[in-house]
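Each of the next two complexes has chain A plus one more chain, namely chain B in the first and chain C in the second.
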Partner chain A sequence: MKRKSFLLFVAPSVVSMLLLIAMPLAGVVYLALHQSYVKTELVELTTEVPLFGGLKRQVTRTVPQPVLDENGRGVKVWKFVGADNIVQAAEVEGLDEILSGAREVTSLRGFISELHREITNVDFWSALEFTLLYTFGTTPFVLLIGLGLALGVDRASERLRGTMVFVSILPMIVTPVVSSLAVYWLFLDGAVIASLIEALGFGRFYFLADQLTIRTVIVAYGIWWAAPFAFIILYAGLQTVPRDPLEAAMIDGASAWQRLRYVVIPHLMPLLAVITVIHVMDAYRVFEPILVFGASVFANSVQYLTYYTLSYEDNANKAAAYAILTVIGVVILLIPVLVHTYRDQATRR
Partner chain B sequence: MAVWFAVATFPFLWMFLISFRKAVDAFATPPKLFAPFTFDNFHHVWVEDAFWHFAINTTIVTAATMAVSLTIGCLAGYALARYEGKLGFWLLIAALVFRAMPHVVLLTAYRPAFFELGIWSRYETLIVVLVAINQPFTIWMLRAFFMGIPRDMDEAAMVDGCSRWGAFRRVVVPVMWPGIVTAGLFSFLLAYNDFIISSQLMNGDMTTMTAALGNYMGQKQSVTRLMHGVAGAVSVTIPIIILVYAFQKHIVSGLTAGAVKG
Partner chain C sequence: MKFKYIVAAAALAALPSTALAECKVEGSGEVNVISNFFETLELIANTMKECERDGLVVDAKLTTEHRSETEQSFAAGSSPFDAAAVANSSITLLQARGQLRPLNDLVDKYRDTYDIEDQMLIRFGDDIMAIAFMVNAQHFYYRKDLFEEHGLAVPKTYDELLAAAKTLKAAGIEHPYGAAFGNSWELANEYVNLLLANGGQLFDPATSEPAFETPEAVEALEILGALFEYMSPNSMSLDFGGVKRQLQQGDIAMAIQWGDQAPTMDNADESTVVGKIGYAPAPATREGGPPASTFWWDGYVIPKNLDGDPDVTFQVIMHALGAETVAKNNDTTLWIRSNYQPTQYTAAITETVMGGAPPYPMNPQSSLAHSSLGENISDFITGKESAAQSLADAAKAYRAAAREQGLLAN
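On to the complex of A and B.
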């Protein structure tokens, strides 16, 4: 294909991405580097204050008033503040104090747990902590469950497969807000799960009142939500496993486990890598369960933190600073993938 | 396996079950398996809370997003599958990075910009935004599908005197329908399932169905209100279940094309 027609064909798509993804990213950088406020000026305001008997007295006061433009809206001032917003959002100063602060060191373990406690008191770092915990805590389980399901469905009879696939992918396709709600309703105090556990004799659980349980529930939700995705891809991948090596292995007396370990899994390796990459990208954006569970005190995520700052605190500059930190995180996570793709492409030429 | 099927469906089955109950029965402690049946929740949500209105908004937004996103996505996907220069590779890498962007990052910039421009809370705005967010995934997937179509086909057409555009429109697109349906299904899911952007960009009468669920959330809600939320959530789920059941085969092939070959 000629370069000119290539450019013509991709133009609409590229323009849409430039306008609504690349430009907003630049905008976020701009927002993060500035501080905005409504300009005020001191105005001498003269009012008549009624005294007794119809007498009035003029009172002049100097009060700050927002400067209005011709439409009657406040004039906004943009002040360049450099990295101040970002430094504030990451609370670098606080971190400094924590790290250099004098404390009694009794044991290395105690020291680390103390340090951890203080750092996670800071909004951003605690959000980052849970986001990473969620991302890397779910990944191995997603891969394992996905592989197990794919092997199971692959062995099932032809007629059952369709239904099995459909049922298995439900958690993935249903609107995340809805599926989070559906799970949340099960874990309410005294609802299905808590009652079940109590009936089995394990005592009373209040899932939503404790950091450990609420985090476990959200991570479990993450696994439940993402495993179908791994399943579908691996299931499709299993259809392409070559027959010959499998039969050769069988003739050589390899057990089912050995066939899986030495023939099937190496064949699926590239897919496992793809799933990991996509899952990490999606898990890093975890938002809905945090919102629905109302869990931001115990388990925050970087995306929820930005959302909260933006819509409840209405502070675009601070939100932009969080957004920048979030993007930096994404890029760091993606670097290995990008390097790999680039090398791959280079060797193909 | 059986455990997984139970775990995968139970939250939804339970949600369906309690949506037909009175609040007292739905969240009773301990939970009840059998309880009187009622349509009150759905009636309230659809008639009094004007959910039908949000449903119309959702239909307009998702349908338009799908149409635009597929049109421009097909053009780009086809070009990426046929072009051999370096530029194509860099475009795909950029799309991969864009795909990883948390949506709230973009939202942070949209808010002040759209207020300034006065295009807040309009169908066009949300549609254009969703189309753009959809693009990275769509072009990766459609590219994989187009690569499955032999080059000889369009080259033969061009030898016969078709222009590049003519070959694309008359020869390639007609055999691409399965791929287009799959990509369409995923655009649908993305636009329909979006909460974070829809709930922030649209307000009042313009809210979409998914975003409207936000009205029922929060821990301070009364139990009756919570029941309306359950009915709303069920209403949002039903169209997806029907669509996915109908197009199930395409989901498998689509994810495979998007990920396996990409």
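On to the complex of A and C.
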């Protein structure tokens, strides 16, 4: 193909990628490298607040007031701070304090658990801990359950398949916030699961009361939510498994397990890699169950910190820094998969 | 033609519950207003639309995304919204950025036409920045039947509340108390209530340094810790909606809850305790102290960068906030206007405020202190660290955030 026609062919996708992916990303990086606020000065002010029935109350305080320019608009400060926001967001200072702090070492185990306790007391690192737990906790099960469902549906009779496919992908159809809420409501006091356990004579059980159970529930939810995605891709993949090698294997006396292990799974390998990549990216951005369960003291995520910083600290620049940390985290996690795919491509050439 | 009926029903439902009042607005143009989405604001939006006529378009956008949309449009070169509904918390940033148009001239011009009452005016110094119309505050909810059965008096202080909780627990009510500990922001709000009532403050007004590493602050936090002993262990996941359900389902015997939720306790569709809930002012942290609560107002502001006419916009707002709206919708909320008649559901809010509950502070330092407290004090409540330690962590987080916003020098 001529160079010119090649360029013409790729131009639309290059332009849309630049517009929709590169530019927003560059925008986030730009935000994260700056700090912005409206200049304030402390002024002694009497603020009047309304009561009712004609009453009001006066409150006199030194309060920050915006510094206004000649047009009456606030004077904006916009300054370049380099990596400051990212260093602040990642709480490098807090981590450094912990690592350099003097401590008595009595046993290796005690040392490690003490270090773990201190590090996870720092917001970012505790969020990162659960984000990684969630990512690695869900991925293998999503693959396994997705494959199991795909094999099951593949063997089902023609008549049942449509219904089974529909039922299996339901969790993916429901909006994550709604399904998170549904799961959350299952575990409240007096809700279905708590009442069931009590009725079975196991006593009262509080799922949302400690770290282990709440994390287990969220990870289980994550598996339930993402498995249909693996299922639908693997089910499609199963339809393309060539019949010849399967029949050859049967003639050679291979068991069902051996056929799966040595014929079907190798055939599905590229799909499994794709699912892993996409699910890791998705899982690392876990947000809805954290928001809905509301127990960020037990389970927090990097994505939730972005949201919290933006909506409660009103700090778009630091929120952008958290977003960059999320991107960096995803890239680091994907390096092994990407390297593997690259090598694969290279050998095929 | 079922669809037609649905459309008709929807149109009927959207009609304001007031009969069409005469709109005195002079001038023409387009007025766009943005607000949160709840019953009172819907009512006001519908009342504003009564002013529509040839040459005057009134459009109200009600959205739960109001906060970010308002911030973005008020920061833009020209705002598509000519006015916005705000509360204590959301006016903070707009005021701190100098984006609000002082309303003194318009208030003077129309004071008589619309009978603007002084208590509706939110001032920063001499500048009137907002016109308030309703207030809300958290107060005490309790089960009248259970309190009577166990011979308990309505607690005036948190010591009495804890004693009542002990009695109720001994009587077999496993989790007597409920409060919104679940969402970081709401937990910090419970704490700010206690901190301010206990004589503490969020920051030193002269320097903006955090002020929550004091004995008053530790004591206030320890009250929250003591209350947690009488709450469902799942409480770290319950927001105020969750506490409302606990009350409605009869799971708990008392709670601190937002005042405007009171009528839902007697809604038989969702409540199993109709007629059994009593309302009282929030308890104090010490004998004779103010109720541990803050009060909140909702009101309208006009930005400096509006693309419409401030004069017409102001008239439309004042038409909707008129005495007639209050008279016809007395029970919708706790109106600020003097012709409002308190009901059994709002008396406790009134008493809480009259008892000396302060307004929720309206400055950027308080927002930052609130958010850093929210992220850290749960470590104490769940027993991960001491009260003093978690407050020290919060102070550290506050300092970092305040430096980034230029409120603290490095």
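Keep in mind that, in the parts below, the second predicted complex is superposed on the first by the 281 of 349 C-alpha atoms of A that agree within 3 Å, B and C clash if a C-alpha of one lies under 4 Å from a C-alpha of the other, contacts with A are read in each partner's own complex, and residues count from 1 in each chain.
Keep this in mind: a residue touches a chain if its C-beta (ideal position, glycine included) is under 8 Å from a C-beta of that chain, and two chains touch if they have at least 3 such contacts.
What you see is a predicted model; the values in this text were computed from it and never measured.
Applying the stated contact rule after C-alpha superposition, one finds that A:L33 touches neither chain B nor chain C.
Within the superposed three-chain model, A:V14 lies in touch with chain B and out of touch with chain C [touch as defined at top]. By the touch criterion defined above, A:I233 lies against chain B but remains apart from chain C after alignment on the C-alpha atoms of chain A. In the superposition on chain A, the chain among chain B and chain C reaching more residues of chain A is B. Once the two complexes are overlaid on the shared chain, A:V183 sits against chain B while remaining clear of chain C.
Legend: residue contacts after superposition of the two complexes on their common chain; A:G294 is shown touching both chain B and chain C. Once the two complexes are laid over each other on the shared chain, residue contacts for A:Q65 go to chain C alone; chain B is not touched. Legend: residue contacts after superposition of the two complexes on their common chain; A:L143 is shown touching neither chain B nor chain C. Judged by the touch definition given at the top, the superposed model places A:N121 against chain C, while chain B stays out of reach.
In the three-chain superposition model, chain A touches both chain B and chain C at residues 188, 190, 294, 311. Residues of chain A touching chain C in their complex: 35, 37-40, 42-43, 45-57, 59, 61-68, 72-75, 77, 85, 88, 94, 121, 123, 184, 187-190, 204, 206-210, 214, 293-298, 308, 311-315, 317-318. Remark: chain C residues 67-68, 71, 93, 95-99, 117-125, 132, 135, 174-175, 182-185, 205-206, 208, 232-234, 236-239, 242, 245-246, 249, 251, 297, 304-305, 334-338, 340, 350, 353-354, 358-359, 362-365, 367-368, 370-371, 374-375, 378-379, 381-382, 384-385, 393, 396-397, 400-401, 404-407 touch chain A in the complex.
Residues 1-3, 5-6, 9-10, 12-14, 16-17, 19-25, 27-28, 31, 145, 148-149, 152-153, 162, 164-171, 173-179, 181-183, 185-186, 188, 190-192, 195, 198-199, 224, 227-229, 232-233, 235-237, 240, 271, 274-275, 278, 281, 284-285, 287-288, 291-292, 294, 302-303, 306-307, 310-311, 316, 319-320, 323, 326-327, 330-331, 333-334, 337-338, 341-342, 345 of chain A are the ones that touch chain B when the two sit in their complex.
The touching residues of chain B, when paired with chain A in their complex, are 1, 4-5, 7-12, 14-15, 18, 27, 29-31, 71-73, 75-76, 78-80, 82-85, 87-89, 91, 93-113, 128-129, 131-133, 135-136, 139, 164-165, 168, 189, 192-193, 195-196, 200, 210, 213-214, 217-219, 229-230, 233, 236-237, 240-241, 244-245, 248, 251-253, 255-256, 259-260, 262.
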